[in-house]
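Below you'll find a set of structures to go through.
Two complexes, one shared chain (chain A), two partners (chain B, chain C).
This part shows the complex of A and B:
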């Protein structure tokens, strides 16, 4: 230890923030041992759950889309799935395909953003993406090109790239015409090539040799890599309906955090997101993505959290390839939405947001008024596991100075791409030593 | 007097569910409607979403609620130009964010890959209440018409208003 008894180490962060003070990490060290790690991430869903009560069931997709600026489609898709479950409606196959295409757009833009602008600088010794652009302009341009293609898919299908407006319970307000969707073919083919180059680029990074002891939870969708539909499954053999999973994933309030922490059966922390999806579904990746994973040295699974960037790159190849296949097979749904009539009951929807499993559960009355809402985002599900990762990192890095320890902690958090950006733009770290 | 810029984008940063943080998107939308030209971007939760949306614009106006200790409702316009040290105002290089980088960082990034707008002007509206909920505080609500006029002037080729 480099710090004496009773000394408080506070590592301040001068983040550029509009809404401050909502992401923090506090570490306690006693006699050279980490005794407590408390990651506090502000979570808007708690507020939105209350806001939704009393609103009409058809409003849920647009209201919840505003929870996250990076993954609005995920919120729309889980909300639609839950409401359609509550109302006993199955949507048209063509609507399902169009939803999957829209969701691919979100995966593409979100993964490209995280890989190139937020995570890669960690591995290349760059302070941020600006420095990376100065050193390797071609790489950043490639990332921005991929992101732009994701935005293009979202604006073509969803009406606009940020907060799509074309989604409704039952389907879409309007189906894009064939020509508009066909115009996505060339950009997506280029993006798939760029995504393959991304896997090659990222596989050359130096990864710390760390293996996490993870309990993975992800959707499974027979024969397909899961995105907008599937059954929750775990690396320990659970195979559940969305409603069964909602019952099993118990959220608890912890004193240090405004967020709820989820555990399976009230007991076990778990991890959702790319590592979990890949561990449970690598075998159903399309050949181009599967072969890219194999060439990058990934087996059927990966438990090194620092290699999540590599798995995310493989998923980027998958999302581009899948979007391309959906574009080739596109048939405009007619009508663009199934009519959904409310009935009293409870509905559950689970989909795979870019950063992990997102669950919505609603109770509605006969008029379609929302009586109860529950939203369980990936970040609250992953929070306990991220804390465990941080504990390991801090234990190994107690001899580091403040700046280096802070950097290591932030990198550890970034491995799991938590959705802090909804409300907070910085992570304030303090280490208390006694 | 310069003529109006050819391609204008107006971005609204912020969330309508954080009270005064919703001022940016509201003003951006109203200004473009009133001016009858320009493209609205947003509401944006993260300045990184400007990448790909504002590329190669002649003018990008970014409207955002700010918190600087001034009287709520006060308007501030800042043109993001390089200072004597080559640095943009409003941001240091390193960022500890787990997700986003600030507006100045995003502009530097866009410039590094030659995809930046020619001019970027930030219109800031001093906020009062950034708590959870919808609706602007009275002071910010009262400032909205002036903020809209300020953005419309910029769209039409005028000088920054404050």
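This part shows the complex of A and C:
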């Protein structure tokens, strides 16, 4: 240990950059031991669970999309799944495929954004993608090309890249015509090649040697990598229905950190997102993505949080490949939506947002009015694990000077692509006094 | 595109991007300018943009783009400081220009929302209202939409940097349906549509997929919401559903707030939320 007794260090970052939303972090070190870690959220609460009460069940997809501009499709899909569950409706197979295609578009744009604009600059010592472009313009342009293709999928299927307008409970307002969908083939094929180049590029980064002791939670969907449907599963062997998972996941509201922290009842924190999905589902990746993962040195799982960018790149290959397959097999659903009649009851929906599992649960009454709403975004589920990562990273990085250690801490938070805007409808300022 | 060598002799204008209560979608619209993003960063100096860069400068800024609404005492102070350090302030999106979807709290009993979401509402330091930026400071230009339109954003930035007035329409969405040849949903199918009173700019996306406009760009410059609302009710839409259409992403924009109230509000009066709190109003 390079610091002697009585030495006290405080690493503080006000305004963590290159994340979605606004948060800060504080780490206290005394005598070479980490004494306090806090990921604070100063994003103001927006009270979505309250403002949904009294609204019609058909409004939930559009209203909850506004929780997050980066992953609106995730909110729309979890809301639709929950409402269809409440009403006892199963949608048409072609609707399900079109939803999966739309969701692939969101994975592509969100993962490309995170890999190229938000996370890669850390590994290459750049403040941002602008500085990265000065050194390697080709790389940034490749990332922007991939991202553009993701947005193109979203606007073709959803009508708009941010807050798509074509999604409704039961399906879509209008099925895109065959020509419009077929036109996605060429850009998606190019994006898949670019995604493979991304895996190669990222696998050359220098990864800090840190291994997390994670409890992974992700969906499982027999024979397929999970996106818009599946059963919550854990690395300890849990296999639950969405409703059972909702009962088991408990959120706590504690003083000084008004973040609601999610735990699986009576147990330690858990992690959702790319690392969890990959650990629980690598075996069902399509060959092109599985081989890219193997070539990059990823086995059947990965517990180095800094390599999440590598797993995210593999998922980018998967999402492009999957979208291509869905485009090839596209049959316009007719009608574009199943009619959904309300009935009193509770419904639960879980889907895989780019940054992790997103749960919606609603109680509605006989005329379809929302009586109660519960939304559990990935970032509130991951927050305790991110804090544990920070503790681990600081303990191993005490020989770094303050500026480097601070940057390493920021990078540690960005490993999990936190969406603070998502989490913040629960959260308020949490102040840690030193 | 300006070559980097030219910019060293002529300082580039500085651009700052700020976030208040919002979803990040309008800032993302800037990052979504994939074709123009690198050109933009060579034309302007990105002086503060937390979502994009870990480097920041203290200002002053030639242009500040502001996303989100004011919902906490701390944010009410922060926006005043940003105004003081900015030559031009442009607000972007429904949250910044009208209070956003979180503005629905403005119609609820004080404290009701916090106690619905939080076990310990006493920990929460938030205002009872969600206010547009213009309620707190002078704003030079407002760009509407939930989210904003990328073409309009580039037009406002270009015009502001060139010192001219942005060319942004104030007419309703109906013009855009006519120009793209979309059959009118209100006339032909008696569907509920806010196109006649909603500001153009999206390109009439919703009617193009067979869905009535839900007003995400907020009120047009001149509106007759009462006439539209009574027509929609006469054509078979329940008043509560007309009210809900007006009371979403621009619920606190005066023209929409007035009409939502005139139709009885977006939530049945008898409705109460969990723990006995009033629901959405």
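In the analysis below, the second predicted complex is superposed on the first by the 382 of 434 C-alpha atoms of A that agree within 3 Å, B and C clash if a C-alpha of one lies under 4 Å from a C-alpha of the other, contacts with A are read in each partner's own complex, and residues count from 1 in each chain.
Keep in mind that, in the parts below, a contact is a pair of C-beta atoms (placed from the backbone, for glycine too) under 8 Å apart; a residue touches a chain by one contact, two chains touch by 3 or more.
What you see is a predicted model; the values in this text were computed from it and never measured.
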| item | value |
| --- | --- |
| First, second, both or neither for A:346, with chain B first and chain C second | neither |
| Chain B versus chain C as contact partner of A:238, first or second or both or neither | neither |
| Partner chain(s) touched by A:180 [first = chain B, second = chain C, both, neither] | neither |
| Touching partner for A:398 - first (chain B), second (chain C), both, neither | neither |
| Chain B versus chain C as contact partner of A:413, first or second or both or neither | first |
| First, second, both or neither for A:129, with chain B first and chain C second | both |
| Which superposed partner A:325 touches (first chain B, second chain C, both, neither) | neither |
| Partner chain(s) touched by A:151 [first = chain B, second = chain C, both, neither] | both |
| Comparing the two partners chain B and chain C, which touches a greater set of residues in chain A | C |
| Contact residues common to both interfaces of chain A (with chain B and with chain C) | 15-19, 44, 47-48, 51, 66, 68-70, 113, 117-118, 127-130, 133, 137, 140-141, 144, 147-148, 151, 161-163, 410, 419, 421, 425-426 |
| Complex contact set, residues of chain A against chain B | 13-19, 23, 44, 47-48, 51, 66, 68-70, 113, 117-118, 127-131, 133-134, 137, 140-141, 144, 147-148, 151, 161-163, 406, 410, 413-414, 417-423, 425-427 |
| Contact set on chain A toward chain C in their complex | 15-22, 42-56, 59, 62-63, 66-70, 72, 109, 113, 117-118, 121, 127-130, 133, 137, 140-141, 144-145, 147-148, 151, 159-163, 165-166, 168, 172-174, 253, 255, 258, 369, 371-372, 407, 410, 419, 421, 425-426, 428-429 |
| Chain A-facing residues of chain C, complex | 19-29, 31-32, 34-35, 37-38, 41, 46, 50-56, 71-72, 74-75, 100-102, 104-105, 108, 112-114, 116-120, 123-126, 130, 146-147, 202, 205-206, 208-211, 214, 216, 241, 244, 248-249, 266-268, 271, 273-274, 277, 279-281 |
| Chain B - residues contacting chain A, complex | 13-18, 21, 41-46, 48-49, 51-53, 64-67, 90-105, 108-109, 112-113, 115, 130, 132 |
